[in-house]
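Structure below; questions to follow.
Note that the chains take the letters A, B, C, D and E in the order they are written out, and that residue 1 is the start of every chain.
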């Protein structure tokens, strides 16, 4: 059982870390601000989500798990809104900011 | 070299970097920024002092940590006051400079209120 | 397990660092705004991994604050972006 | 070092007075802030005189017993907790500052008084709270027995002093205030890093405990150097004086008086604490000569620039730069040639007396300059003609302050310089004597320029632009007289400066 | 080399790199953003130094609040008259040498620790049980060195008074010049409606947990301040005038209660700022709650800046 959980953690965290890498590559390669923004928030949140998911079995207690999930939700929320705000700024200032 | 020493050295370096920026950068806002860098280097030195003195099951000596918390709040208050001064100066003069470095010229400073 | 989590934290730190270097070298301010957001997410992930690896649950609270303040910084960015100051 | 060797501090009988000296200004600040407007002035009117009363009780107490007052805050003895200690130096400085602050408060009634029934006004509200804060911060500096508490105290002092510079809101004073703030912040952060290093080496910042544990090692030396540079910047010792003249000359007269007389003495006092109490053996002959050299440079530079000034307030500000220099001459003179330790000798007494007499004299002179400015509408020295006839009392106060600065008998400045000269002769360091005498000549020079202009007859009788309240002139004169008669303490309590010094505490096992 | 060491070296290199780029950046905006990032990275460094209390403070104040303060300033300074003073190369070089000297001195001090490193940690822990607290840092802040903490609150009040006192007389009693988001933006409004409840819960949690684990009044207060600022920036709440009757009492309630309990200690316990046996923890929690409120309001108003508009009737 413990081993299974550990394997779950390892695979989820690894996947999350890979998404961070993918996000970074996107930031490096994508041509304009809006698409880079896309790379940043979507992928990062997925990355963090997987990390949180992977760490869930390792926490002791419901409260700790709840805190992890709420951090992810918080980042999701702020990520979504911040993207909107930044995109708005990009739009107002024309093409590439 | 252990981790504490590593962070201690980077604290020392940050003090140097911050001090350089503080002295050479003419813009007040940048000076304030450099002051904050300098301050964080100083705080890191406290952190190292604390980390080294780990004992009694604690990861560090709590006394320097408490001092840093006090100092961070004081540094924030100082930053706020300095920025308020810069903004007021901007309002009055449309500029935000510290003026010439030699206050010897007598006409710039007048007397009473 | 511990070294795996630490390794993952180091890996995320590296990707974040790489992205930061690139982002901060771009001239566009919008790109700069992404840097803080990136660190909110990446820093959060690093801290969570550290918390589990070192078995220090209070570190999770640092991640919580980071998450909270990441969006706060972004709001400050947007407010201070050009095109704002004339309208107040 | 085994803790058993350390004599535990204990709260002395009247120790609670020390708490009162710190708590009542703090309470005054908070209360005035929340009640606002009119109340700030009234609270100050009650608290400042009681502060003077409190300081005199502490003064008499220390003088009579010849020993220190101690209070252990929270009943936690150092190194865990914080001790407040009043020795002779603290008591004498507290007393002086209380006198100056009360005189400034009387003087300020004219400029910062609030009319009954009017709404809260900005400048008076800020001024009275800041004045109380300065008083509290100074008491904290004098009584604090812990180097980190002293850090908080000098930050308190900075935050109280900087807004005073730009109360009138003109661009020049805002600029001066910003420059002052930046210097002060740099100074306190350098001081802070020193405390970090000292704590790292000795796990205490308590002055008495540190003085027993401290020894020569790299970290301690670096700490001492950085702390000293930081405090020099805050004290405006040459060449870190750049911020002082515009800030002190640009502030409203009452504020200038406090800034020049009181605030710079705070960081200076910590320098003294650091080198005389915490590490008397660390400065060494070379360091002492360096301190003295900086002091001498300050005297020469400040005086020469003061001589060239065309504005009275700037002249007085540059004179402060010069007079600060005298304070640092005591370091080479107090160094015992045999033990290479700083001794609490006549030189220390002389140096502290210099601080005290400068405080009273300089406050009087800035007040006088403020009155002159109010009467003439300017402070151009060349156009002072006839002012002595219009406001003789003020010019007299200004002249008396000058007498103390020059060091003529029977002024406090005379006694201070006499003691320093005596030490110079006794230790065979004649070069400091030359500097002091030259400084006296320079000072007489710029005093002569001002006074000769002031007493020169003007073409037609001068019409004062405003009627100066008598009490303003009286406040300036009272301070000037205090400074003049300070020399007479030679027959009285001058030895209080030696009361309860650390050496006498070290009778126990070391 | 352990994996910890690799992580730490990477972190330190990144921190130093960002610090240099912050100083060297041509553009003030880029410098400020570098600083925000730097603050967030530093909080990770503090975690690595086993100082979670400080990490929390750094994340909230160093990264969040200071960054927001600077961003506000940089936006307004954007069109300010430039700076024509340039510093000559020799002076720059001399400064660099001097700064290197200071850094080297500090490095030497760091590299030469005493043989037996002295610590107060055992003494702190030994006496902590008496107070009923579990967090040693809170113990230092509110029990052993309470005097410093109390005075630091007075420093905050003074700094605020200092900021206010800069105002022209015509706007005294008026409204701080916090720049609010000019466009009514539905997304920002959404954030400003959703985040503050979360923030308030976090602040309460910080304050409550502070007695036994890292956290406390500073961190809680900072979160409150940030949430308040967010609501004001989004235009959901107006920036209050400093003449509001509730404002100043709220600002001083923390220090006043702290001071009052301290003075009561002179009568009820052994000394000023001593707590009566058995009552230490509830008293400290009471002080912390009041301080959280006061710090929140004080930091919020400090970040809101000097007064710029007269009070509207």
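Basically, a contact is a pair of C-beta atoms (placed from the backbone, for glycine too) under 8 Å apart; a residue touches a chain by one contact, two chains touch by 3 or more.
Just so it is clear, the structure is predicted and the values come from calculations on it, not from any experiment.
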Given subunit A and subunit E, the chains that contact each of them: C
Touching subunit A and also subunit C, the following chains: E
Closest chain to the centre of mass proxy, which here is the mean CA position: B
Maximum centroid distance from subunit B, chain identifier (CA atoms): A
Identity of the chain that, by mean CA position, is farthest from subunit D: A
CA centroid of subunit A to CA centroid of subunit B, Å: 33
Distance between chain centroids, defined by C-alpha means - subunit C, subunit E (Å): 19
Subunit B and subunit D, separation of their C-alpha mean positions in angstrom: 25
Junction residues of subunit D, two or more chains touched: 148, 152, 155, 159, 162, 166-167, 169, 174, 193, 197, 200, 203
Per-residue overlap in subunit A, given as positions that touch at least 2 other chains: 70, 74, 77-78, 81, 85, 88
Touching two or more other chains - residue numbers and ranges from subunit B: 15, 32, 45, 48, 52-53, 61, 63, 67, 70, 74, 77-78, 81, 85-86, 88, 93, 97, 101
Pairs of chains satisfying the touch condition: A-C, A-E, B-D, B-E, C-E, D-E
List of subunit D residues in touch with subunit E within their complex: 11, 16, 19, 23, 26-27, 29-30, 33-34, 36, 71-76, 79-82, 119-123, 125-126, 129-130, 133, 136, 140, 148-149, 152-153, 155-156, 159-160, 162-163, 166-167, 169, 174, 193, 197, 200-204, 217-219, 222-223, 225-226
Sites on subunit E touched by subunit B in the complex: 4-5, 8-9, 12, 15-16, 19-20, 22-23, 28, 31-32, 35, 38-39, 42, 45-46, 48-51, 53-54, 57-58, 61-62, 65-66, 69-70, 72-74, 76-77, 80-81, 83, 85-87, 91-92, 95-96, 98-100, 102-104, 106-107, 109-111, 113, 117-122, 124-125, 136-137, 139-141, 144-145, 148-149, 152, 155-156, 159-160, 162-163, 166-167, 177, 218, 295, 299, 302-303, 305-306, 308
Subunit A residues touching subunit E - in the complex, by the definition given at the top: 70, 74, 77-78, 81, 84-85, 88
Subunit A to subunit C touching residues, read off their complex: 6, 9-10, 13-14, 16-17, 20-21, 23-24, 27-28, 33, 36-37, 40-41, 44-45, 47-48, 51-52, 55, 58-59, 64, 67-68, 70-71, 74-75, 77-79, 81-82, 85-86, 88-90, 92-93, 96-97
Subunit C-touching residues of subunit E, taken from the complex the two chains share: 3-4, 6-7, 10-11, 14, 17-18, 21, 29-30, 33-34, 36-37, 40-41, 43-44, 47-48, 52, 55-56, 59-60, 63-64, 67-68, 71-72, 74-76, 78-79, 179-183, 188, 191, 195, 198-199, 202, 206, 209, 213-215, 219, 223, 226, 229-230, 233-234
